[in-house]
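The letters A, B, C and D name the chains in turn, as written, and every chain counts its residues from 1.
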Amino acid sequence: MPDTSPAKWHLAHTTWFFETLVLLPHAPGYRAVDERWMRLFNSYYEALGPRHPRPQRGLLSRPSTADVLGYRAGVDAALLHFIAEADHDSFDAAAGLIELGLQHEQQHQELLLTDVLHAFSLNPLLPALHSQPAQRPAVSAGSGWTRHGGGLAAVGTASGVGFAFDNETPRHQVVLQPHALARGLVTNGEFRDFIADSGYRRPALWLSEGWSSVQSQGWSAPLYWQLQEDGQPVSEFGLHGLQPWQAEAAVCHLSFFEAAAYAEWAGARLPTEFEWEAAATQADPPDDLFGSVWQWTRSSYDPYPGFRPHTGAVAEYNGKFMVGQIVLRGSSLATPPGHARKSYRNFFPPGARWQFSGLRLARDL
Amino acid sequence: MPDTSPAKWHLAHTTWFFETLVLLPHAPGYRAVDERWMRLFNSYYEALGPRHPRPQRGLLSRPSTADVLGYRAGVDAALLHFIAEADHDSFDAAAGLIELGLQHEQQHQELLLTDVLHAFSLNPLLPALHSQPAQRPAVSAGSGWTRHGGGLAAVGTASGVGFAFDNETPRHQVVLQPHALARGLVTNGEFRDFIADSGYRRPALWLSEGWSSVQSQGWSAPLYWQLQEDGQPVSEFGLHGLQPWQAEAAVCHLSFFEAAAYAEWAGARLPTEFEWEAAATQADPPDDLFGSVWQWTRSSYDPYPGFRPHTGAVAEYNGKFMVGQIVLRGSSLATPPGHARKSYRNFFPPGARWQFSGLRLARDL
Amino acid sequence: MPDTSPAKWHLAHTTWFFETLVLLPHAPGYRAVDERWMRLFNSYYEALGPRHPRPQRGLLSRPSTADVLGYRAGVDAALLHFIAEADHDSFDAAAGLIELGLQHEQQHQELLLTDVLHAFSLNPLLPALHSQPAQRPAVSAGSGWTRHGGGLAAVGTASGVGFAFDNETPRHQVVLQPHALARGLVTNGEFRDFIADSGYRRPALWLSEGWSSVQSQGWSAPLYWQLQEDGQPVSEFGLHGLQPWQAEAAVCHLSFFEAAAYAEWAGARLPTEFEWEAAATQADPPDDLFGSVWQWTRSSYDPYPGFRPHTGAVAEYNGKFMVGQIVLRGSSLATPPGHARKSYRNFFPPGARWQFSGLRLARDL
Amino acid sequence: MPDTSPAKWHLAHTTWFFETLVLLPHAPGYRAVDERWMRLFNSYYEALGPRHPRPQRGLLSRPSTADVLGYRAGVDAALLHFIAEADHDSFDAAAGLIELGLQHEQQHQELLLTDVLHAFSLNPLLPALHSQPAQRPAVSAGSGWTRHGGGLAAVGTASGVGFAFDNETPRHQVVLQPHALARGLVTNGEFRDFIADSGYRRPALWLSEGWSSVQSQGWSAPLYWQLQEDGQPVSEFGLHGLQPWQAEAAVCHLSFFEAAAYAEWAGARLPTEFEWEAAATQADPPDDLFGSVWQWTRSSYDPYPGFRPHTGAVAEYNGKFMVGQIVLRGSSLATPPGHARKSYRNFFPPGARWQFSGLRLARDL
């Protein structure tokens, strides 16, 4: 799939980030391991020169995995050396980029898993990344709704209160209408009911572009479900390989289109990203906000009022993707510990299914 | 182009709307002119049965134009008869749909012009739709900015205060930040400066998907400009045929991507749809809000809080397109008189260039 | 479909041929009706300047049909005048091109019918070009095989013995192996048996690219057959509209791939173009060689040894298409009277189905 | 590129061939190493069950290279054991398939090189497969032409005279016209002259589909040439990495379209495959028939009269590709020793450039 990258590329690209944005500009005397790798492992920074096209990343049999691991080791050592030895001013100049590089690497840790999972899913051998028995995270039995009376709410992260990506800033106020959010995530069992009720065959439930995708892609279940001939789900492919389908697990690997159609069918809707954020900050928040599945919202990925990108080469980090994408909130089982935040704005195109993406319902009051 | 339709189809489709949604359900004894035309002239109403695919509309040499005009005459007569003769209850049941049918037809009056213009632009003969000398609407010389101090603003249309599409409702409050809107529209001359300053060759000015479009589509100027070999604009194609390029005219036939890149280059940004609506309602509004060019905003086309689609078959009118589109505000020279409103939300994909679309700048205060 | 053209275009293009290749170079004082039409109605002559792309021909609402008919009338008159008044040398120089123009127009007479039929077939109204009752030409009841003992055979047309296209020359000798050709054409009824015997579902019967087409295009019957739910053919669309399916009619609107798969299923093969030509010239030829359906051969469209294209601008007439195409022999019900020849080489890509194309079987002896 | 496969796949597929076609049906007690690999490593044998799609072969990170090498070792051992221990009848039944398997593996040895070369050419690092200095095979200085007086010639291989693929049989007679073949291959230097004379910009030299490819693919030189800014060739990429361009080397990595355009420009033509075979068998044959570059012919890849495919599962070996392909004759520097034959028919689509393909001129006498 053109949206995914090989594991080796993820390893090299996150290394490249530190080399190009921290070491080369800030570490005195540092020389690039291989100038030609600059282009190979640049992902999307137009300001940093030509890039190797993503769909061709899979062809890169050179440099070898061993070479890339050596590259990582070298850059790691140089970075540690820089941190240990840098004078105060140099460190100050680089500190924000080092922090960004760590957050960036955490993002790729999750992407590496989703991309490997997708490649494995296309391999008839259905290999398992993790050999130990699967432990799909338990989803809370929490049912019912948590209510919000509406009114002004502050969202986003203010500057100077810990790390945040530029797209989470500035902190600002929004108006919320009275609404309720489901305590729990939608489960596999609930989604099976949607399928059994012809959910994938009723255009009235779908956004127009979603209905086109259903037809052109032949969608009839979440991405990694395997169905029996009678249509009953029997197993689900994941990082632990093919595992028995569990009704109580949070439904996962849905596109935004499927999440929205499910919500329509359920007589509800998706929450806006601000409703989600407000719920996450209230005294009695919904369950499983983090650590199970990313939750599609009904918010397009637009810039916040007063949005200013990161400065320098990393200005391209987020802002230039702010069109045609949908915000997901929370985090997933594949998100590295410590990476999640209440103000975090993940985003993917509405047809993307290979992320650990599910949903939580909302409704107007 | 797959997004456009032939003039004959527009004529038939707007007729079909009245026949299918007003006459057949509400006019006693009315019989369809030709059952088979139901499918031919349905545009996107899944609830009303199978449709003829849009890219094949150009192949419909039958029914002939004369047949379609006869169809229109027959439906017009039946509709007038129904209005004249209907009892109170019948009329009440149909009145909203008649109003919607009229508004729908006005929308297609504009689309018919944009589609004919596009087809003519691909004809090497460059035919003119209107033979009389061109009269590009004068753009106000208004310069400077109109300021807004921020705070709560009410947007949208409340029920019961005149016609509005479902996507403009409900009326609700939003928070605005302090900002200013340009009094005037961006002109051809200003956009020429953007081109001369390598606007189409600097990726840093563009959204990522916009930059891809520049490269894959070879964009180097607004859609209907003709350039000399030295890159200077010399003429512009329009409804009056090929006309001399005018520096003072509002720039037109831009995609959202081009509008956003121009704003970035100008050190400004596009207004949100709510900033636009607030400016339109203030005591001293900007110039040329209506009647020149539709103005791209920096707002994705998302549903308003509490949005409820029109009921019945026309539920599909707007809501199902609420993903992947950008809101345009105002109206254009091709918009029928009386069709424009301050709360009107037009919408197109960000790459669309064949509409009469331009921009107005905004900036933070 | 990108391979077809509107009727108006065929009318204009055949007129353009006479204007550009006969009148402009040979008729003193002749001036082009409209210089801009040169480009519009050029089909594929690179030597004669830029062309309007074929897939956009359908968009040409200008010039109107009336204008094109006027163009034809003017060129016809000028051509007749030239023929009447030209001195001997001028006429001699132009005579070959006039003949070629007439043959060219006959080719387009057939293409106009196949293209209209295809456009009509995509119109849910299924219009009929001819209103009178259908008269599918009777196919001879001739059964059995006509045998050929093999050996040297002369094929092609020698110069100076009547009109022939360049691709039929030079006349030359080929070696034939002993073989037999079916007296009759394969019929609808016989092809139904192929379908009933899972012909479209058995990859072993198909060429690899043909099998890909079956799957990607969803082929399950000849192009214009309509099947009942149980798979039985019930009607066939043609120039007379939708007509009852006739078992005895020659099967038509097959691709080369389908013809070859049928032959494989029947334990036979397609004839080579030279076997066909030899059979057409023998004392007791097979039936329906001409006037029913073009017959796919097992011969790729390669140049004859010593092939020389027509000279001048018409050099592009045939030679440059000699790759990736398959030869068909004979003629069809839509071929103008007098246009067919035993040495005639028609050619289309192996996946083409919109021509009046069927088959005759052959086998080795 | 969808037409190429990873090296690991070639290794596994050639192993699979022996396992599936020799060991499983003929070696008593042999059990498949892994049943699931049947599907993964089947290339195009529909009769042998479902296949893994070629464009996805690059995604197969499992089984690992080590697993595949183990698979090869196991199958090799089992095959040697079978050969040593089989009784006379068993061996007789399998001998033809073993021979075919060896020939098949030799074909993939060459494909593995062409595919690796292509993947490396897309890698900005331009890795070299062979580290030692390049030794482009010297091309004979042989100039001039070798003549053939025309008449009957026998081509193809008769049964019982050594191994041949089914597509080379049966041996049969053809008629040749008087003609001459160039003694030497077309060289880089000669092809540079074609480029310098605007060869890639003159549509009259090209087949229509070739001209389309020039424009859509942006061809301006052979596949692996690197040009200076002034258009002069400076280096050529190959199995030894990037090497200085040599005027005297045989031009290589041409499509059929480029070969045919060059021949047209040179006032000559490509030989037919039978002219080539006749020249190879005459007393004084042209130079470099084998071992330098495959030579495009002007012959479509059609079946020989009386062609019968290999029997059984290997019936699909050649016959089903006999449409839309062009015959190449000879062999290349990458062809394994002993694999070439005078009657050998290699074939590729006319646009293929990643093979070691060049040309030799012919002309009529």
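Throughout what follows, a residue touches a chain if its C-beta (ideal position, glycine included) is under 8 Å from a C-beta of that chain, and two chains touch if they have at least 3 such contacts.
Because the structure is a prediction, the values reported are computed rather than measured.
Touching subunit C and subunit D at once is no chain at all.
Distance from subunit B peaks, on a Cα-centroid basis, for D. If you average the CA atoms of subunit A and of subunit D, the two centres end up 45 Å from each other. Averaged C-alpha coordinates put the centre of subunit B at 56 Å from the centre of subunit D.
Those residues of subunit D in touch with two or more other chains do not exist in this structure. Remark: subunit C residues 44, 46-47, 152, 172-177, 203-204, 206-211, 256-257, 272, 298-303, 305-306, 315-316, 320-324, 326, 350, 364 touch subunit D in the complex. Within the complex formed with subunit B, the subunit C residues making contact are 6, 36, 39-40, 52, 56, 58-63, 119-120, 122-125, 127.
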